[in-house]
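First chain written, first letter: the chains are A, B and C, and each begins at residue 1.
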Amino acid sequence: MRRSFIGRFWPNATALVLFVIFLFPVYWMFATSFKPTGDIISENPVWFPLDPTFEHYRTAFDADNFWNFWKNSLTVTLLAVGISLLIALLASFAIARMRFRGRTGIILVFMFAQMAPWEVMVISVYMLVRDADMLNSLVPLTLFYTVMVLPLTILTLRTYVAAVPKDLEEAAMVDGATRTQAFRKVIFPLLAPGLMATSLFGFITAWNEFPMVLVLNKEAEAQTLPLWLSQFQTQFGDDWGATMAAASLFALPILVLFLYLQRKVTAGLTAGAVKG
Amino acid sequence: MTVQIPRPATEKAKGRARTTPPPPPGRHRKAQGSAGALPYLLLLPALAITAVLLGYPLVKNGILSFQKLGMKELIQHLTEWNGFDNYSDVLGGEDFWRVTLRTVVFTAVNVTLIMVLGTLVGLLLARLGRKMRLTLMMALVLAWAMPIIAATTVYQWLFAERYGVVNWILDKLGWHSMADYSWTSSQFSTFFVITVMLVWTSIPFVAINLYAATTTIAKELYEAAGLDGAGAWRTFTSVTLPFIKPFLLATTFLEVIWIFKAFPHVYAINGGGPDRLTETLPVYAFVEGVGNQHYGMGAAISVLTILVLMGLTSYYIRMVMKQEREDS
Amino acid sequence: MKRTAVAVLAAAGLVASLAACGSDDGGEDDGKGSGPGSFKGETLTFWAMDGSTPDDWLKDVQAEFEKKTGAKLEYKVQQWNGIQQKLTTALSEESPPDVVEVGNTQTPAYAATGGLADLTELKDEIGTEWTESLNESSIYEGKQYAVPWFFANRVVMYNKSIFEEAGITELPKTRDDLFAAFEKIEKNTDAEPIYMPGQNWYFFDGLLIGQDAELVKQDGDKWVSNLADPKVGQAMDIYKQYADFSTAPKDKDEATPQQGEVFGKGKTGAIIGMGWESGIAIEASKDKNFEKEIGYFTIPGETADTPESVFLGGSNLAIAAGSEKQELAQEFLKIALSDKHEGALAAANGVIPNKDSLLSKLEGNEAAEAAAPAAAVGGTTPLIPEWGAVENTPNPIKSYMTAFLNGKSHEEAAESVEGDLNERLAQE
């Protein structure tokens, strides 16, 4: 389908405008992180850090336990996403491919689980963890993040599983493979894009979680990045430069993950999006 | 890794009537025989971890909602039952109902905007050339990945009365009365800023998914529609829409939940102000529970919040349930 | 049920090895091990807020403490974000931090929870010289629940060049003088006379104290709002006269944006703030010599003989009731609050120490010298446990201020927030 110049002009022009709209706040965060403090708030906005400084990054890096925060965040997030993918894969295989009593009820359970208001349940979670004597540990944190992202992972993953042609699996089994082998060799590769797409949702959720880790882990050794990010906001006002520098660093892993997954994500969503 | 994306639906659709949506991919399920204990075994880990780590706090939360739980009780580990006091306090005042109504309207407006604009952006992505598409998609993902704390700070600042970029631009464009406009001074303008931010941060998810959904539609369907002389609108309603409808419904369901529960975005812009006029249910629960340090009250409000949310999504859930039952 | 939770938590052994646990309690010890002061092998945890403890002060206190007791001091800086949830939950734990810093306006609330240890005996031992007004917030129902640490109050920070350009030759001695000076700046320069956002609530609290106004009153055995009192309105009238010289947002406080940053731009005649806010201004300024532009004077009052009353913000130190190291914690307080270290803290941070005899340490600190005269007529927020919740966002007093500045009458503005204020005062 070849379109005329005019036919191409409007979509492209709209896309450019949207590009600017969506990118601007992100650009502003990034640009600000390099501006000298005197330029950050200004009668006439400073659009570009002409006189760049690394002072804010130094402040951000200088925070105590800097690497510890990173280590903990990566550990907790990757484990939570990994465990929930594993569990969700089993569950969604059952939901999408099998017939059994109580199936609709189980789907309902996960739909309701998706509605859980975690932010306001923090005190309940805290009291349980405290009474189990498991504060200041990454274990409860990992498990709660797992449960936090699990419902969405199951609900989306089952659509990907359902989209894998049954014939392929049967063909493999005719060839003498066991069900497990068929799953591992045939189904799993086809699911990979879906698994990765779902993991991005989970990653962003767990990576950003703040209220729970605030009360559960008071020892710096067991704290995560959102706490580091919030320390540049004080009672006496926010250090905007340092906050923006820290936020830019904080967003980096998500970007890297996306760039890495980008092609697969798009492809994965393609397979799964057919059925809600 | 290069993976051939399965397109069972489109393969089959080719030979059929052009404008009929394809059968759901799960169709073959009927052929599947009895599965015995296997499905339960597969579901066991998911159900167990959910039951313990979500179910237990939910029960605990329910229990707390019947207690007077302030700083003193929390610190000294005291349990002081107060029956239905928290509930009667909340439900007896007019605040709760006003906030509930406001939250429902707020959710409806935002979800509508997000779904309509997100769909449009998604369809635009499908029309763009490869390079332009990647460029726009990059911007969308960056917006999606921006940390909440950074996003709320930047938006607060873009819309600041003094030193705000938005007021500066409006002034330069000749709208001088906006030079010192206070966006946080009224309920409407505060909600406007919150909505702009929420829509901005939510569109990427909808748009990228929708674009992905449209790529599964076979080109032949469009060509056939073209031969039939269908216009752009007809083509959309008869070819595209049936394909993406289930997806739209599922996404709307998720967005309703997300927007309804949105806490940091709403709270950060103006703390629920001015005069508590922009508090939505989660903010209300936080202000009454944590801000007032009456955690029992907060628990009661959160229980009510879940009930309201269940009510709001019941239509969708019933629909899905019906479909699932037919399928199995 | 508890058992199940633990079992599941344990079942996920994958992550168990990552459980981060406490510090290595090795500890180099050359504590003499003699006398009652031997706490070899123990570790005391001390929570202080970000910005409270200068490095040198901490180092000296730590050295003396470890030498004298043989125990170790574990110091943990606390961030402001979410501190209240953090402190409240921490005090409920089995091994809470032993010594914590608590803001003076929050101290009664924490004292009433039973989370703080009774320090009445310690007061008799080391606190006979404490300035009475500074110790008031630590007393609840006749008992001492904290010890006064340091305090600070606001001053006028002004830009010397702008004052000079406006033709102000003498620093204002009365409120009228000050407003006359602001008028001169308005007329003779293109600077904003003062940056005064609508919700600088602690400055307003000072004005309330000056007008003898009370924010709350007793109604039977309950505290209720006294916001409708005409005296509150008088204080707000004065606030409005300040705010009228400024184009700052009426619904923001002095922290967003930080008023120091605005002042640092060099286009603002004055701000009312803490002495250390000059640091923010200097960092934000493009003028390398901006430090020399900054001057300080006491906020002038109605007449030349009494300065304007101020809010005396500050911090107390308290011992968690749940701490198992009560004796060691008291040892720490004795050292931290000794004349030597208390004086050093006052000198380093320019803050008011807990006894008058140490005030001489502030000599040479311009901002602190300007602040000192007003401290005598300083006050606090209502020292009742119920006050603890009032200042949490959304603070009804701030809403009142904005409503008034936006044109509502004092009565209307007070009425619009009294419901919320009373609701908060009803909690404990």
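As a convention for this text, contacts are C-beta pairs under 8 Å (C-beta built on N, C-alpha and C of every residue); 3 or more make two chains touch, one makes a residue touch a chain.
Predicted, not measured: the structure shown is a model, and the values here were computed from it.
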_On a CA-centroid basis, which chain has its centre farthest from subunit A's?_
C
_Higher-contact pair (C-beta pairs counted), A-B versus A-C_ = A-B
*Using mean CA coordinates as chain centres, what's the subunit A-subunit C distance in Å?*
38
*So what's the Cα centroid distance for subunit A and subunit B, whole Å?*
15
*For subunit B, jot down the residues that touch at least 2 other chains.*
49, 53, 56, 74, 163, 290
*Per-residue overlap in subunit C, given as positions that touch at least 2 other chains*: 5, 8, 85, 89, 92, 256-257
*Which subunit A residues reach two or more other chains?*
41-43, 128, 143, 230, 233, 238, 240
*Where on subunit A is subunit C touching in the complex?*
36-38, 40-43, 64, 72, 75, 79, 83, 126, 128, 130-140, 142-143, 211, 214-215, 217-222, 227, 230-231, 233-238, 240
*Flag every residue of subunit C that touches subunit A in the complex, lowest number first.*
2, 5-6, 8-9, 12, 14-16, 18-23, 50-51, 76-77, 79-82, 85-86, 89-90, 92-94, 254-262, 264-265, 274, 277, 280, 283-286
_If we count contacts the way the header does, which residues on subunit B are in touch with subunit C in the complex?_
48-49, 52-53, 56, 70-72, 74-77, 156, 160-163, 180, 182, 184-185, 270-276, 287, 290-294
*asked:* Give the list of subunit C residues in touch with subunit B in this complex.
replied: 1, 4-5, 8, 84-85, 88-89, 91-92, 109-110, 112-115, 247-252, 256-257, 388-389, 392-394, 399, 402-403, 406, 416-417, 420, 423-424, 427-428
*Of all residues in subunit A, those that touch subunit B in their complex*: 8, 11-12, 14-15, 18-19, 21-23, 25-26, 28-29, 41-45, 87-88, 90-91, 93-100, 103-104, 106-117, 119-121, 123-125, 127-128, 143-144, 146-147, 150-152, 154-155, 162-166, 168, 189-190, 192-193, 204, 208, 210, 226, 229-230, 233, 238, 240, 243-244, 247-248, 250-251, 254-255, 258, 262, 264-267, 269-271, 273-276
